[in-house]
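Same chain, two partners: chain A is paired with chain B first, then with chain C.
Take a look at the complex of A and B:
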């Protein structure tokens, strides 16, 4: 009987301990929850929370870091100058890893837990495509300064962007390729929404003018492109279009092109063109390569100030200048929106469609009724490891 | 232009790396008798070791490669001593050991990502010269030729060592029957520990060669583990010699498979081949 009795005794003790723990947890939650409420009522001028989703890990982290720094510069400026209607701007940053799955959970967290009315992001097109339904459902504005896939055009009244659609990038590149007399282009495309968008826009214009595209796709996890490149080389195309999501991916492909002793005429998209380091590392291979960017204007006073501030604050050149200009403007546009219509996702989304000729670091911003920025990409060329305007 | 020579060259490049990785994988599997997924992360551990010593601290490759190999061997050895051995002593099933090793993989991968960030790093800039050579209508870089050489020499060393040395014979005995080996006086615990150490060095060597050729990132472990395991299973799992055949078979199927179909089918082709072997020829390419 003894062991049994002991067993009972210890299980009673255990139950008691669990009960105590349960009471502590529940009690704690109630007390903590109340505290939050009291705070809200007391402090009227609490900061305005802006959700941010951007890639901070993985190959696309290089974009995310730059974006985070630019957002911080803009917010610091605004807060030092007195904030938005007397309230400070505060970012809640989530890592969306350049994929739809993580962008969805990041958006859900921002919408449900932090209760933000505006989300700045995503950066990668795949992030924005996935996060839009979450934001729209909760009547929260999703404002992307970097996603450029044509699939985002008119996707939802709650989405808008101050970066133009890649429809213009693909078309500008195709027009130039045709003007150069290229009939056949080999293309290697990473399987992401952004790269697919660029391909579709390019193919529409290039094949529409009678051109032929030989295409190979590759997954983001792949690192061995040798046989795919061998096939493309054998296709004897006039040029090779390296259509990737990140410069890291392009770097791997460039290396293997060189290993094959192949020196084709190259076309790169704006995701690679923005990376100063990769362009200069592979300057021999990329000499004369075509690209199209939504170029920044160095004579724009606000943009010049941004690049200077970035250098003093972070000790490095502003990376991906085409994106930096729109990221900087995005924070100021949110400020303008909140001052005009208040901190309300639905109203800010409606406000975005009224933006006409808003002056910022990226020049004059006009948002169309489909949520896209009006404007487009200009064709550029790589010369001596630097990007220049194409003549 | 005929692309066959280049496809052969590409297959040899991939097959050499698979051979090296499958060697270490098979050595560990044949003695410890479980699928060690933690083996994959050693490629990243060793790759980052070289990256840290050579790129960050400026040591020569002649110094940083042996040190990184040693570290990779010790990490593998410690994983055995601290995790797998206690589990094996408790008669844990292969499935539990597999999950434990998956834990090791993600744990070390996360640590690497915290220390070095998860950004892709190319190691090729460490090499002072890496000319592209033209061989019978295909191209290979010097490093890729060296990798092929290392794969062949390493295979030979392992084969001679298994056949010729007392230690090698003890390993074969353990792989035949661990209980009986214990009874006839083989210190199986220690021996398996040494095998994990050697396996760690071989996996790490693969990681360095991958890093110098394409580059490294903390998450490289799982895909490379899958390639090594697929090569080993196709050859005949646990059979060190067959792993070499499996590695080259896999590489050729992969590279020639996408000759006529689009390249995005590559992984599909690999896993279809793997499933065919698992279903109809689980013993691998050679009779047992």
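Take a look at the complex of A and C:
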């Protein structure tokens, strides 16, 4: 023990020195880095601070990059036009790496150190779910333009989003099915959360209107659906809803539907509709099939302007357009909120529930009492192996 | 203040992880990259039990430790068949396997969606719902683990562990069943990591598989290497520095469009410099 104790003594001293050096370096960087900022703040009077939580490093960084650029475009436009009630918008951007831990750290910092009243984010659903309790505790609004998990529906009065929940397409599809006069729908559902969420929303709306659903489930590992499909075929339903997690799964089901020499009217979810190859391969079977996606509308003037501005400013096409449109709108919605009720997290959260038919790059935005965007998914139809808007 | 309390909780959780990994890697010399899997296993046990069965948090901690010890015993058995560097490779594989189970667990683990709404701990009607009370709980757990680790290190068992690290064969010649010792410390370390996992789950109130990847295991290894291998104090210091350093860098006013990346780069650079000039870590007594 003796020589050890001596060794410890000197190493403690060395440790202390190293820690002091580390603190000095970081401290120095902080002071040096913030020097320029303070000067700037003298010129521009009291900007409005908006917290931003985005995945800027890690696997989801490509989404974060695009989002930050879109936020910047929107804020620059607002600031050039005179800001919000005469004050400039300023973002404080924190990296959340698409995980709950870093999102809570980022939210804690924004809420307690920067004292922001409203945070844009998170992007990944996991970020938003983890950051919500932090924001709610401090009565700060958390506004996500990218998280789509159904778990976020009604999670807190302080959370809202202008990106629709995955479940919203279920409702859109049910409404169209009812309008088409369908009374009975057969449904094959893969046992995943996403597919389950779509089914639940579909069932709620469809059965609520007096419709009947005959449902069969299948596990992700399954590749033989003949027994389920035979049962569903025997049910003599008006349509068959193929509710899967991946296009590959739908493809196997489509093949076996053909093997059964069955040609029902088909409904597919956006996971399948997003795969161009599957849609064109099974174009005969899928002719007239219904689906619902949350896609950007190139004819929307604001959206067209955003894509053009993005190209001139960053020299690249706007990536992830479905997110770009909601991110752009989010900044303008915050501007509208602050102008209406002031810079106050509690009031902005309450304001969000009053948003009805707000016109933006992503079309008409209405926020429900559960904080979700109402609707959002547009119903589409497959024609000749291509997807078109449903009329 | 809330922010500092939050960081205090994170530091405590990572200090527990570092202390437990240090027993396995620092004292015994088993290079294990499975630690994040045990961390995740504990977190998911608490997440699943407390959201679906209303079991008390402290009961879920015990269940988590029990399940993790069974899992780590199985993994340890297999790893003990490997020699030298292959242990590290094998342990990476096990971390990936556990992660895959979490992400493909269907309704049970809810896959990539994760499990939200995990309640904060409660005991005798007292709820640790405020962050400051949670910090006290986390520090209490940290102290327990710290003294347990110190007790192990100073016991005759601990001396055998250090001997294994120095010369496994020699020890076998003396008639020690080295495998048993290694398995024992592996299981003890995994149990401690499970406690950290339970704390993490109920503190963040949300778990998803992305937190428990091999990268997280590497982060834990960085903590103990930076703090100093085979030193409990070093493990705690490493956890403090590596958790707070990236947070401190949030306050450096880098230009907004490259801030996140620059922070990462500076963080990496600092680690390299520290390793160059202080390869045994802050207070380590043993170099890899």
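FYI, the second predicted complex is superposed on the first by the 204 of 391 C-alpha atoms of A that agree within 3 Å, B and C clash if a C-alpha of one lies under 4 Å from a C-alpha of the other, contacts with A are read in each partner's own complex, and residues count from 1 in each chain.
Here, a contact is a pair of C-beta atoms (placed from the backbone, for glycine too) under 8 Å apart; a residue touches a chain by one contact, two chains touch by 3 or more.
Keep in mind that what you see is a predicted model, and the values were worked out from it rather than measured.
Contact with chain B, but none with chain C, is seen for A:236 once the two complexes are overlaid on the shared chain. The partner that reaches more residues of chain A, of the two candidates chain B and chain C, is C.
With both structures placed on the common chain, the touch criterion links A:259 to chain B but leaves chain C unconnected.
Looking at the shared chain after the overlay, A:126 reaches chain C, while chain B stays out of its contact range.
When the two complexes are overlaid on their common chain A, residue A:224 makes contact with chain B while staying clear of chain C.
Contacts of A:191 after superposition: both chain B and chain C are touched. Touch criterion met: A:57 reaches chain B and chain C at once. With both structures placed on the common chain, the touch criterion links A:81 to neither chain B nor chain C.
Residue overlap on chain A between the chain B contacts of one complex and the chain C contacts of the other covers 57, 191, 219.
Those residues of chain A that touch chain C in the complex are listed here as 4, 7-8, 11-12, 14-15, 18-19, 22, 25-26, 29-30, 33-37, 56-57, 64, 68, 72, 91, 93-95, 98-101, 104-106, 108-109, 111-113, 125-126, 129-130, 133, 138, 149, 151, 155, 191-194, 196, 219-220. Within the complex, the chain C residues that touch chain A are 1-3, 6-7, 10, 104, 106-107, 110-111, 113-114, 116-117, 200, 204-208, 210-211, 228, 237, 241, 245, 247-254, 256-257, 259-261, 263-264, 266, 270, 274, 278, 282-283, 285. The residues of chain B lying in touch with chain A in their complex are 1, 3, 6-7, 10, 13-14, 113, 117-120, 122, 124, 132, 134, 139-141, 144, 214-215, 217, 220, 223, 254-255, 258-259, 262-264, 266-267. Residues 57-59, 61-62, 191, 215-219, 221-228, 230-231, 233-234, 236, 248, 251-252, 255-256, 258-261 of chain A are the ones touching chain B in the complex.
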